[in-house]
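One chain, subunit A, links the two complexes that follow: it is found with subunit B in the first and with subunit C in the second.
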Partner chain A sequence: MSEVAIFIEGLSKSYGAHAAVSELRLKIQPGAVYGFLGRNGAGKTTTMRMLLGLVRPTEGSARVLGLDPTKEPELVQILERVGFVPQRKQLYGWATPAELVRMNKAYFPRWSDGAAAELAKRLEIPMNMAFKKLSIGNQSKVALLLALAQGAEVLVLDEPTAGLDPVMVDEILRTLIEDHISQGRTIFVSSHHLGEVEQICDWVGILEEGRLLLESRLEEIRQDFRLVIASGESLPVAKSTDLVSATTDGRFRRYVVAREAERFAAELRGQGATILEISPLGLRELFLHLVRKEDPCTPGNAGAKAVPVSSFS
Partner chain B sequence: MYAWKCWRESRARFIFLLIMFTVTALLFTLQPGLEIRNGWWYFDRSEYLHNPLPTAHVVFSMILSVLWCSGFLSAVFLGATASGSEIEPGTIEYLWTRPRTRTSVTWTHWGVCVAEMVIVAVVPIYLAAVLLGALTRHWDFPFLFFAPWMMVIVGLPVLGLTTLMTAMRRSASGGLIYTSGVVVVYAFLRQIVIVPLHLNPPTLFAGPLVWLVSNNQLPYQPSAFPWGSLWRAVFLAAALPLVAQYVLKRAEV
Partner chain C sequence: MLLHLNPSSGVPVYLQLQAQVKQAVAAGALRTGEALPSTRKLAAELRINPNTVARAYQDLERDGVTRSVPGGGTFVGDGLPGLLKSEKVKRLRPHARQLAVEGRQLRLTREETLRLLEEELDKLGDQA
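== the complex of A and B ==
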């Protein structure tokens, strides 16, 4: 598996005047665990659906394992190698999980009966009850089982733990870490549970209104990203390639800086600002700083590296 | 495996239709000899023995007068389980992320439905034919053996239409309602042409069935077979699922 697992170049999807995804660029290396974050309607699900041929892009292109999902023969190969858990985990109501397993295994040459049995046991799935009679949590677990047991090289998981209790969430994360991440499989996961993302992901991308605001290694966020709060009467416009976002709150200005926060703060001081705080950022705080609607926000560092921010108010 | 899933989803409708038409055919077959004795129904085959061939033909006409619609009904009810019907309930995301082309999914469903339609048409009528043969000791019922295949052929365009309508309406109920609507509107418009204008246009694709119904009386005097109507039926049987396949191929969910 030497090719890039997921490669997205200028991908856009519009519904009339509404742009669901806009000029998205992503490059996910094999073995990466990529957390795809964003508010509801940010374009995460549409992006995932484009990767799996459920939605056609308006512009741009995507490759999954080097294959083009807009071409049917290549899409079939993608689907053979990619496990997908959709946001809406709806399967055939009349079928029991055991029947769904039998049905599903016929599609996938690398299907593992052993893994399916082990998952059913670990996730405590009632295998002989009709799917429609299962609780929402159990329905989600069945959808996960089907994706995880198919021996996929890439897992695309759209809110996989929605509706699950904390014990089951922990069990699923452990399963992902033990059975998939440790084997170098690629995972592209969207979730609103940032704690889970921090637990398993090594990369995160934050999407807002179809645009990628930020893409970074999680480790870099922990080690290098800082929140700088400054005050002053007329704060200067900061220009820095390391600046990720800046928001204004009355007389205060909050800067999220990707690296060298002290140098950045010194520059601000030199321009007459008073620095009130320089503090490390968690993923949750970073996410909130980037996507909160009430504060004006800079475009972030879309494109893997922090981009210069020429001006903001 | 998808064929099994199609069978699993359509089997209740299939079994219902098969039982309904088989019971109807058997009731008509046994009806000439039914009489009440001491408050119970008994089958008396004397009528079949006294006047075998005309009785058998009367019975066959009665069977056909009811069962002619089996192809249409099977096509609508079985066709409404086509893959387009999975869009509304949301199972389509599962189906379309299995490593199969949408084309193969469409035609697998079509194949399963055709097999079920053949069984629903053939079993009741062939069973009635065998019973009639056994009761009358005559086996000269050419139209009877011919009938189920005509029912299937004129049912195929309706199956295609239902497949297309489920794809366009994205639901089973939409497929059922819109197919019924198209058939009713077509029949209504045809009646408008026939009655006030005194025209008798050829049937679009149901000609073989009309021919069958009007040619089963004794003595056999078969009129010209409506080949044009048959070819139109074959064309629509292929064209409508192809359009459905195109619609589904372009559909986004």
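== the complex of A and C ==
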């Protein structure tokens, strides 16, 4: 499986005048655990639904395992090879998990009874209670069980931990990581729980108002992204392609730079600024800096430039 | 295993792991030759991406804290980090600066700050 797992280019979806997703570009390597971050309404769910053929794009294209979800025969293959856990679980409410397992099994040639039985046991799912009577947590676990036992090559998970208590979240994360370690499946997971994403993912894409602000390996964010805090009177509005965002707070200015922070700091010093701190920043901080557009110092959306450099090389 | 994480601390997970291993080694809780859990095992235990564990292990090895045997796992090193003295000093300097700055801000005297450092060194015992 050397092909790109998910490839999206120029993808847009509008509902009337409202653009839910616009000109999205995204690339997910096979075997990646890709965290798709964004605030509520950023367009994460719409994007995922387009990958599964549930929403038709207004423009642009998407490929899942090289297949086009807008073409019927290819979509059938996608549905067979991709496990999807939607946010709203629309499974037959009257059916029990055990019955859902029997129904799903028929559709998937690579279905594993062993995996289904083991997950049911480990996740402590009441297999003989009607789906609609299960708690939200148990419903999520059932959906995850079905997706994992299906033998999918790619998992698309739309906020799999939303509304779950910490113990359940922990169980789901463990299940995902163990599955990833043993099966090497590509996982595309949306969330706004930054801590979880930072824990289990190795790639992140940050979406805001339907546009991708940043796509990077987490590793690169750790290694190269820095927060530079400077102070001084009338600080220069630095222009650099490495600059992701800049915010002003009184006499202080906070810059997030994508690389070469030392060089950037040296330039600021050269213009009379005092550098107070150069520090690595966590995903949470980076996310807040990116989506809060106070005082953006680059034209358009701050950070957009970081996308092509860090990800499509 | 003694390693644990605080996901809400804001400190990158791999740095937390590194710091804990270094501390455990410095305090003698992990001894020379002792094996660290495998990347996969620790990843599953802590619910983190295996690449993150691998990265932390790589850095620990680079810093001379651990050594790895190809295909055989990661072990605590013999305590002789193979770094040049100048490089060691360079790594430690930011911490020293931090200590100096905080000491000054809290209005501790030079002697008081130095004594604190000595006390902490004493706690680690003689290893020179």
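Keep in mind that, in the parts below, the second predicted complex is superposed on the first by the 288 of 313 C-alpha atoms of A that agree within 3 Å, B and C clash if a C-alpha of one lies under 4 Å from a C-alpha of the other, contacts with A are read in each partner's own complex, and residues count from 1 in each chain.
As a convention for this text, a residue touches a chain if its C-beta (ideal position, glycine included) is under 8 Å from a C-beta of that chain, and two chains touch if they have at least 3 such contacts.
Because the structure is predicted, anything quoted here is derived from the model rather than measured.
Colleague: In the superposed arrangement, which partner chain does A:86 touch: subunit B (first), subunit C (second), both, or neither?
Modeller: first
Colleague: Look at A:76 in the shared chain and tell me whether it touches subunit B only, subunit C only, both, or neither; answer first, second, both or neither.
Modeller: first
Colleague: Once the shared chain is lined up, is A:118 touching subunit B (first), subunit C (second), both, or neither of them?
Modeller: neither
Colleague: Figure out whether A:260 sits in contact with subunit B (first) or subunit C (second), or with both, or with neither.
Modeller: In the superposition, A:260 contacts neither subunit B nor subunit C.
Colleague: Figure out whether A:219 sits in contact with subunit B (first) or subunit C (second), or with both, or with neither.
Modeller: Only subunit C; A:219 stays clear of subunit B.
Colleague: Between subunit B (first) and subunit C (second), which, if any, makes contact with A:23: first, second, both or neither?
Modeller: It touches nothing on subunit B or subunit C.
Colleague: Of the residues on subunit A, which ones does subunit B touch that subunit C also touches?
Modeller: Touching subunit B in the first complex and subunit C in the second, no residue of subunit A appears in both lists.
Colleague: What part of subunit B is in contact with subunit A in the complex they form?
Modeller: Result: residues 1, 4-5, 8-9, 89-91, 93-94, 96-103, 249, 252-253 of subunit B touch subunit A.
Colleague: Which residues of subunit A touch subunit C in the complex?
Modeller: Contacts found on subunit A: 33, 170, 173-174, 177-178, 180-181, 195-196, 198-202, 218-219, 222, 280, 282, 284-285.
Colleague: Would you mind writing out the residues of subunit A in touch with subunit B in their complex?
Modeller: Checking each residue of subunit A against subunit B gives 49, 52-56, 72-73, 76-77, 79-80, 84, 86, 88, 90-92, 94-95, 102-104, 106-108.
Colleague: Using the touch definition from the top, list the residues of subunit C that touch subunit A in their complex.
Modeller: Going through subunit C, the ones touching subunit A are 5, 7-8, 10-15, 40, 43-44, 46-52, 55.
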